[in-house]
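Dropping the structure in here first, questions after.
Letters A, B and C mark the chains in the order given here, with residues in each chain numbered from 1 onward.
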Amino acid sequence: MNKLANLKNIARAAGLGSAALALISASPALAKDLNALIWCDHADPALLQPFEEANGIKVNVKEFEGTGAGLAIVEQSQPGDWDVMVIDSIDIPRGVEKGLFEPLPEDQLPFGDLFAEVKMDGATMVDGKRYGITEKFGYNTIGFNNTKVDPADMQSMASLTDDKYMGRIAIYDYYLPVIGMAAMSIGKKTAELTEADLPAIKDVLLKMKANAKLVGEVVASQTALATGEVDILVGGGEWVTAGLAKENPALDFSIPQEGAVLWSQSLAMFADSENKEMALKFIQYIMSPEGQARLATSSCYWGMPANTKAALSDDEKKALRFDEQPEFLARAQSYPSPDADLDKKMQDVWTEMLQAQ
Amino acid sequence: MLPFVAMGVLSFMQHGGDGSASFDNYRQFFDNPSYWRAMVNSLEVTLTVTAISVLLAYPFAWILAEVVPLRLQRLALMLAVLPFWTSYVVRSYSWLLVLSENGVVNKALTGSGLLSDPVQLANSRAGTVIGFVHFFVMLLTLTIFANLKQLSPSYRKAAADLGAGPLRTFLHVILPLTLPGIMVGAFLTFVLCIGDYITPQILGGNNELLMPQLIMMQIGRRGDFPLASALAIILMVVVTIAYLFCARWLKLERS
Amino acid sequence: MRVLGKLLVAIYGLAVYAFIFLPVVVLVLFSLQATSFPIPPFTGPSLRWYEAVLGDTRLTSALVNSVMVAVISSALAVGLGFLSAWGFARYHLPRAALLRGLITLPLTVSYLIIGMGILILFNTAGIPKSLAAAGIGHVVINLPLCFAIIYSQMGDNQVNLERAARDLGAPEWKVLFLISVPVMWPAIFASFFLSMTFSWDEFVISFLLTRFDTTLPVEIWNLLRSGLNPRTNAIGSLVFGVSVVLAILFELILLRRNRA
């Protein structure tokens, strides 16, 4: 009797609750929706609304960070759940390997208008087929406050390990680009890194760490730079400073003589998308001069448009240093793209650097 | 239960491997000193936080339960909980501003002449601990308060009738009787604190890594779920040991 | 001596409140920032960020979603937690210790693992991602918490009261609702508020188990990708303001009823 009463109560509570939960969740996605797995810069209504209005379609977006997390979301979804994805250009082969992506029709996309250096054929093409198109790029380099440091010092990576800037440095917490910068500072090419280079790279990283006040992701390092807690951000670039240029013109970036690490993001289409026509239209829109300008100046972060014809205003071009790109690109090196084994070892070096006191 | 079994199996696999089982992921943890260090850091931070939180929360809970008039108690409790209804992440960033070199705390300390130079609170272990203590003082206050209210006033009367002073009553009657509440709160603090990623990530400045950060790092770009699972299981074992420790204490008090 | 003691008590109480409120005051202050970066110096006051938040349908609908998920999942978790604690405390179940261990097990695992587990489970079962799924996830994480708090507070006091009621002929459901629940109110109250607080702020599970309709922490996380933004402060302050109003209303209603 007692137990029965107990059970009934549980049943009643559970029944009521799940009915209510079912009610709130009963808003099925419309068949005409476009489902996009994206980075935060694509969630800006200023970017999406013109496309939605022109095509009478709703773009549903889910934001993620990190290729591992993105691919895990895809793997834990039903086929057809997603139509397009934003991904690090260098990670496109990982998606292709898993059979996720659909080849893109090159003749229907403005490949001819892209900055030649960012087409990244080595990563976006697999077995002669094009699986991704670079939409936005920029540099992991030295970001700084030009009223607090000597801008001439920022032309050399040696300053980052110099006592002069002790305790005034923040390091961006992402191992690939910063390891790339460390490699360049000792004259190595990011594309040719091997395990044998890691000890020397580790030395540089440990020296940087000894100079650094913190190692932080975007918000923490940006806050530190903006509050004056630090004056230099290793791994920063236009993606940190350009969007703030209007409010805080002192924040600047340089491409030192050793060069900088080129980051680049691409769009890819899913092979099991049920809405490929619309997916292609979306990619075409993002790659158009108007779409490119809106993406480059998105509220989340700014970056260089991949399309040379992007319709940017003069002020925007100035903040992004649009006209200096040929010179920057000539000095920049690609993101390190290690194989799985070296990737793990690089991350372990990074872990060791973080743990160093 | 299924999630745990799946995780257990996964932890013996290799990232990108052929599905054969091995102890490699566990061996990595024991072989790599910087992984070890994460566990040591986690334990140090968590124990510090738990101890400070209990010490701060107990008197506060006692004030709420005994000094604040009965009809204002619920209001007082709510006041203590309300600040936690702002977003955790946003609140943590607020702490970052409060603790930073040009923040309120440092301005107050240097301005009042207590310190000549600002101390580094943000982006350090101190920052992580302060951020944690903030949350867990509230949590412990709630559990200890609930416990204090459960005590029948007759205990105290009886102790007083037997000639015990307030201090002895507290030490010999009230404190032992509220031990279950303290232990539950402390255990919750321990568990939630050791598993939390956000506070150390935002306030610690990555000058050292704690276990959850190490686990998240394996997933972020490389998607190495097997290694992440193995690390999570090691963390779980530590928490289970803590649980057994607390459970023994609770039982002792019951008998 | 007496006065000094009282003074110390008052100072201590106020100091703890000050500590608890410190970041919130800063949070609210910078939500009124006029420029687009919430760092000193203060440039406000301005309400532009509140306008931005209220005009953003993604944020407002996420706010509503969060309230629903938090209230419903907490009520479920407290209800189930109370009943199971009551069951364990009152009846001798076979292997009670083992069962108790199993109930509290999710406490020892990080939310990420629980979220991944539920995700894999639902995905194999073909249950689509939704707010309801996230709600179930929250019940899973909060149930052990409610159980632990309520169970630890079930002492001999209540058993005696319940026995007395039963001896006077009260049926079991009356004992439960008229004796056990009222006597246990501090614990129930504490666990409900803790559950609400956790569910309200939970990110990982909501992120994994929802698709496009999502909860506030996920939207805030999205906002924060771009760096600090007074809009996030404005949301935090709005939520804070709404909960203060609700708490005061709640208190007034209770006070009035108590007097009547």
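Things to note:
By definition in this document, contacts are C-beta pairs under 8 Å (C-beta built on N, C-alpha and C of every residue); 3 or more make two chains touch, one makes a residue touch a chain.
This structure is a prediction, so every number in the text was calculated from the model and none was measured.
Shown here, the protein chains touch in all possible pairs. With every chain reduced to the mean of its CA atoms, the largest distance from chain B is reached by A. A separation of 17 Å divides the Cα centre of chain B from that of chain C.
For the pair chain A and chain C, the distance between C-alpha centroids works out to 34 Å.
In chain B, the residues touching two or more other chains are 93, 97, 102, 225. In chain A, the residues that touch at least two other chains are 65, 219, 223, 227. The residues of chain C that reach two or more other chains are 39-40, 120, 221, 224, 228, listed in rising order.
On chain A, the positions that touch chain B within their shared complex are 65-69, 71-72, 173, 176, 213-217, 219-220, 223-224, 227-229, 340, 343-344, 347-348, 351-352, 354-355, 357. Residues of chain B touching chain A in their complex: 15-16, 32, 34-35, 37-38, 93, 96-97, 100-102, 120, 122-123, 201-202, 205-209, 214, 217-225. If you check the complex, the residues on chain C that touch chain B are 9, 12-13, 16-17, 19-24, 26-27, 30, 38-40, 102, 104-105, 107-114, 116-118, 120-121, 145, 148-149, 152-153, 155, 157, 186-187, 189-190, 193-194, 196-197, 200-201, 203, 216-217, 220-221, 224, 228, 232-233, 235-237, 239-240, 243-244, 247, 250-251, 254-255, 258. Partner chain C is touched in their complex by these residues of chain B: 1-4, 6-7, 56, 59-60, 63-64, 67, 71, 74-75, 77-91, 93-95, 97-98, 102-104, 134, 137-139, 142-143, 145-147, 149-150, 152, 180-181, 183-184, 187-188, 191, 195, 197-198, 212, 215-216, 225, 229, 232, 235-236, 239-240, 243, 250. If you check the complex, the residues on chain A that touch chain C are 1-3, 5-6, 9-10, 13-14, 17-18, 20-22, 24-25, 27, 29, 35, 39-40, 43, 60-63, 65, 73, 76-78, 81, 218-219, 222-223, 226-227, 240, 243-244, 247-248, 299-301.
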